[in-house]
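Please find the structures below.
Common to both upcoming complexes is chain A, partnered first by chain B, then by chain C.
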Partner chain A sequence: MATKPTPRKTRRAAVLGGNRIPFARANGAYAKASNQDMLTATLDGLVARYGLAGERLGEVVAGAVLKHSRDFNLTRETVLGSRLDPTTPAYDVQQACGTGLEAAILVANKVALGQIEVGIAGGVDSASDAPIAVSEGLRHTLLAANRAKTVAQRAKALAGLRPGDLLPSIPQNVEPRTGLSMGQHMAITAERWGITREAQDELAAASHQHLAAAYERGFYDDLVTPYLDVTRDNNLRADSTVEKLAKLKPVFGKGEHATMTAGNSTPLTDGASAVLIASEEWSREHHLTPLAWLVDAETAAVDYVHGDEGLLMAPAYAVPRLLARNGLALQDFDFYEIHEAFAATVLTTLKAWEDPAFCRDRLGLAGALGAIDPAKLNVNGSSLAAGHPFAATGGRILASLAKGLHENGGGRGLISICAAGGQGVVAILEA
Partner chain B sequence: MTDLFTRLISSSVAKKAGVPQPTRLRRYQPGVALCEGPVLVAGGGRFEGGLTDWLATLAIATQAQSDDSADRLGGVVIDLSAATDPTDLDQLRVIGAPAIKRLAKNGRLVVIGTDPATLTDLAEVSTQRALEGAVRSIAKELRAGATANLVLAQGDSSGGVRSAVEFFLSGRSAYVDGQVVRVGESTATNPDALRPLSGKVAVVTGAARGIGAEIATVLARDGATVVAVDIPSAGDALAEVANKIGGTALQVDVTAPDAGRRIVEHATGRHGSIDIVVHNAGITRDKLLVNMDESRWQSVIDVNLGSILRMSAAILADGGMADGGRIVCVASIAGIAGNRGQSNYGASKAGVIGLVGALSNELRERGITVNAVAPGFIETAMTARIPFTTREIGRRMNSLQQGGRPVDVAETIAWFAQPGSAAVTGQVLRICGQSLLGA
Partner chain C sequence: MTRETALSAVPDLRRFYATAAFHRGNASDTVPDERVTLTGVRVDLADLADYSRLCGFSLTGILPLTYPQLLGFPLQMAVMAGEGFPLPLIGAVHVENVVTVHRPLQADDRLDLVVHAQNLRPHRRGRQVDLVTEVSVKGEPAWHGVSTYLARGAEHPEAPTSPAPPLDGDETSTGPAVGPVWRLGENLGRSYAAVSGDWNPIHVHALTARPLGFSSAIAHGMYTYARAVAALAPRLPDAGVTSRVWFRKPVRLPSTVRLRSCVSPGRTLSRLESVDAEVEHAIIEQVW
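Let's look at the complex of A and B:
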């Protein structure tokens, strides 16, 4: 009689380091680089940093939000073009702006379960080299012509074509179910929560100043590898100030309540990132020091279509669930990494956690989660300064926070990333 | 890297028209015979017997006397370490003249002497010192890629002499001509002839491109695990080099205050030790002194010299380089001869030569050797940008009538780094094809 196998214990998954190419504003330096080009360069930079050339890893998981149909196997194709052993398996994931962090959670979970020893999680996005599709009308016509068995049937199918059908379909940054852009959604939420223009500009200026300072002190020396002659994120304005940002005209929202500008919203960006995640044993065997441990993660979604919640409010729901599961208070962290999709996103999320009514009515808590120390927020800059290539943001944040915790000599960090479709991915790192 | 002028003068038409054609130099390849032809070993010095026996173990035929009926000679080793009187110098002519006539293309003349600094007798000192003048002159007479170099022994043990003779006979020294190397006492050998650096961890700064990338590649070929270091803004090229040779890339500016610590941490943390350090990172900011601004002057001095001083402190501290380590600096003939418009660069490279001399003495007891290479005209993207006339003068005005290649610099560094080169320290070896500059 076969003995029942004893269940394996889960183990800790270590973040060993990361790599990204400098992020570049769309239609600029990387305009002609494909997602595969950028992800390959990023992977090879990581391989060089950690001496992984020719190594077979457990798996590589990555994704892109804006993706060509030919890139159905983007990550696997990237691995084949990289310096990794071609027998390294790979798969794609996609969870909008949560893609990068979700990929890392998947890899970390497999490490925790003992299914793999090491993996790379990544993400890439090009807003420049975007896929352009034919219109629905043209597509239906062509498919009908393809199904036709006779010349007459084919001619009839093609005759149904209208001039308007020839216009290409270009991907847009709008929610399919509301027709509103992400910025328009955010503007509604920001106005509802009374987020001021000044507070948004202050957060944006701090993001630029923090990122510039981090570059100056060499923090990004082992996190970034130059690409196509770009050596630093080219959206970064080291001399950004609240005064300069105050001069910009609002681009989202209406009338006197419009507070969101190009300065306090992230620009469309091209870029890629990757993070090396492994078991403690693998790290030791490869003489690599874990920077931090990926302790736990949570994903939430809100009903922004029929409900009355804001599109980017899901992290506000995910975080308290994660805190409860880990027996932590919001204040039990040394660093907070709240993705700056818009300055207003960060400010709204923080304000919601400070609001007893929101915490009671929406989160089902006894009282407010409370305020955080703003000096611990996005200390090495975030998306407003670095830019935001959708799927690449998670890897940027994860690697930077892990390094920050290691430099700090230990501590705990919280990551919060909002995503299209009313979703949010959050995670805890400890060192 | 061939410009139009080079293509024209090396074309078949130019050859027929009588334009002198530089010889394609014999360069080292692992597993290939040390020399192309038998080696004449003569002179009656104290190393002659040992060298003959050693060449036999490599299956290289040796001759004790010139034999006109035999094959052309791949090399000639004349051991005059026992010469004590100026009249003994005639042996150089008696043995050398017929042998040189029979020297094959890319052949080698290696003369062995006794370091005059270790002697006291007036006649002996002057006799041994005379060898240098003779060898440098003969080097200028040799043709067809052949070179002549002098090894000066400071003691009686054969390890260092053998290591230097092997280097000069081999293709590793293709662009080293008319030079002198002093070797001390050592019996060290290379445990693995094909991969002499096997098991060693080597750090190469400025490894992203040019000579640095070639140094990293050659050290890896010889068995070393290489940490390729360069400034963060060169990280993409650096990653390519590291991945190609199976090493690791470390993005750090060598002028950063903590650069030495970060290099040591990376090498020892990741790979277990730091055995070889090649200080190759360097910059030029050329201007006549009268037009030189402070930033041009300071940045060159700091990158090329100041950074090495600072990093050495960290590298040589406890937990850094182990005893028996190797430090190699990349100097320049500009640091020996000077170059118009390069007062800052010349200063930094001469400073490096000073550092090598002093540090080698300081580290002798720890078995750490410190040496420098001083490249002359090497074909790189940097030299390709030199104005035409200056470039052609640099390229042609040397005994081998051509520019060297990055690999020539790398091969010499790899030789300094070998376990068998323990007797070689405090040396500055020019890799210049015996350039007229600074001769």
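Let's look at the complex of A and C:
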């Protein structure tokens, strides 16, 4: 009789560190850099920092939101162009702005299950080197011409071309099902929750001030590698104040309720990030100190199309499920990293958790999750200051929070990232 | 005494080609004792991006091993167009190139370049000379390149040759051919000229190459070499590398070529060949 294999226990996955290139506003410093260029530079920076040259890792997982069709195997191609052993497997994921964190969850889960010992999770996006496709009309015409077997058939197919078909198709930052941009969606939610212009500008100013202070004290020295003459995120305005931000004109929403400006919304940004995740054993063998442990994660999605939930509200749903599974209260954290897609996103999420009716009716809780200590929120700056290259944001937050927890001598941190398509990815780190 | 010519800007290569007919060379058996310098060179990031894209390098912020060659090339031309230079400017063929990288060059480093000629010597099919390019950053030597050019002329069958290392039989010369395959288009010479500034007519178009004895335009040697270096770059360290190429038969445009390599610790050895393996275009050896 065959012996039954012993069920394997799961184990902890450590965040050992991260690397990213400074984030740069679109159509500026990185205008000519491709996603593969930026991801390769970021990966090689991480490889150099942790002595991984020539090493075969369990896997590299990364993705991009704005992606050329030629980049179908972006991460594997990047690995082949990196200093890692070319026998390191890799794959792409895409979950809009949740891509980077989702990639880290996938790597951490494989580590936890003992399927791999070490992996790298990352993300990259270029809003500058964006893919431009041919129009649907031209695409159908070309495909028909390609299928044609005779010259006459081909001529007939090509004759179907209309002048308008020659206009290219440029990617747009809109939800396919609603035709609204993310900012327009957010403006509706912000108005519904009565989020003020002042509160948004305060959060934006704090983001810039926190990020600038973190750079000043050298916090990012081992998290960021200069790239193409850029040494710091170039969206950062260290002298940003509520007064300066108050002068900007609203860009989303209409009339007196229009509160969202270019200052309290993230700009289109280019950049890449990567995070090294490993088992405790591998970390020890390689003399690397775990900064924090990726304890658990949750994703959620909302019906923003026909339902009446806001596009970026999914993290509000994901967090209570994650808390319940881990027996934690919202206040049991030392740091909160709530991705600043817009200042209003953070404020709406916090307000929703403080609202007993929302928590009862929508989240199915007995009462409100309650307020958090604002001094623990995005303490080293977030996307409003750093910028937001969609898939790279998760890796930026994960590495920064892990380092923050380690510096703190321990503690617990919560990450919350909203994503297009009405999705949210959240996770808990502990050190 | 060495004559120092300090340039204040990168010379325009088109001027050299326009006046090339006047630089016919002479019978002198030494090269003029001259050094051409250009200091504080800053790499244009847009140019670097275009070069990297064309040659297959990742834009990582570290200069590709072959890039300083491109920066030094106008200085080489200035030396070869100088008074009393024994070889003619047009028709000289790039036969070998050796690059040693002492330290990685960052895209934002300020580079000081010095070029001089040396070692004029006989070649089986004429005479050859070395153009030495030295790149330093803040006085620290960073990059050293030796380009060997051949001017066809009186033959010297007894001249010593510089043999390429033998290809390890099993891996590169027999069995099914495996390696990157590249389609090099008819317009490649113009594309590379646009990023390198090297508008030598033999590369630009069949019509401009024909008067110089080529039936079609031929690829820039430094392009095919760079392409090979780019393909192997992830396997090499950023510094402490010596990379050497022996150019064999020119790559006629358009054509399809393959790079076959043996990669071992501390060394790559590659052959760039036509896709049917009939024509050997270049041998590339890199050691570190």
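Basically, the second predicted complex is superposed on the first by the 431 of 431 C-alpha atoms of A that agree within 3 Å, B and C clash if a C-alpha of one lies under 4 Å from a C-alpha of the other, contacts with A are read in each partner's own complex, and residues count from 1 in each chain.
The working rule: a contact is a pair of C-beta atoms (placed from the backbone, for glycine too) under 8 Å apart; a residue touches a chain by one contact, two chains touch by 3 or more.
Just so we're clear, the structure is a prediction, and the values are computed from it rather than from any experiment.
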In the superposed model on chain A, is it clash or fit for chain B and chain C? clash
Can A:R83 be said to touch chain B (first), chain C (second), both, or neither? both
In the superposed arrangement, does A:A214 touch chain B (first), chain C (second), both or neither? neither
Just checking: does A:L138 make contact with chain B only, chain C only, both, or neither of them? Give me first, second, both or neither. neither
First, second, both or neither for A:A391, with chain B first and chain C second: neither
A:A431 contacts which: chain B (first), chain C (second), both, neither? neither
Would you check which partner chain A:L288 touches, where first means chain B only, second means chain C only, and both and neither mean what they say? first
Under the stated touch criterion, which partner chain does A:Y50 make contact with: chain B (first), chain C (second), both, or neither? first
Have a look at where A:P226 lands relative to chain B and chain C in the superposition and call it first, second, both or neither. both
Tell me which partner A:T40 touches in the superposition: chain B (first), chain C (second), both or neither. second
Chain C: which of 128-136, 200-208, 218-226 or 254-262 bumps into chain B? 128-136
Do any residues of chain A touch both chain B and chain C, and if so, which are they? 41, 44, 53, 83, 226-227
How about chain C: which of its residues touch chain A in the complex? 45-46, 49-50, 52-53, 58-61, 107-108, 233-235, 237
For the complex, give me every residue of chain A touching chain C. 29, 32-34, 36-37, 40-41, 44, 53, 80-83, 86, 226-229
Where on chain A does chain B make contact in their complex? 41, 44-45, 47-51, 53-54, 83, 218, 220-222, 224-227, 231, 287-289
Of all residues in chain B, those that touch chain A in their complex: 228, 232-236, 238-240, 242-244, 246-253, 256, 269-272
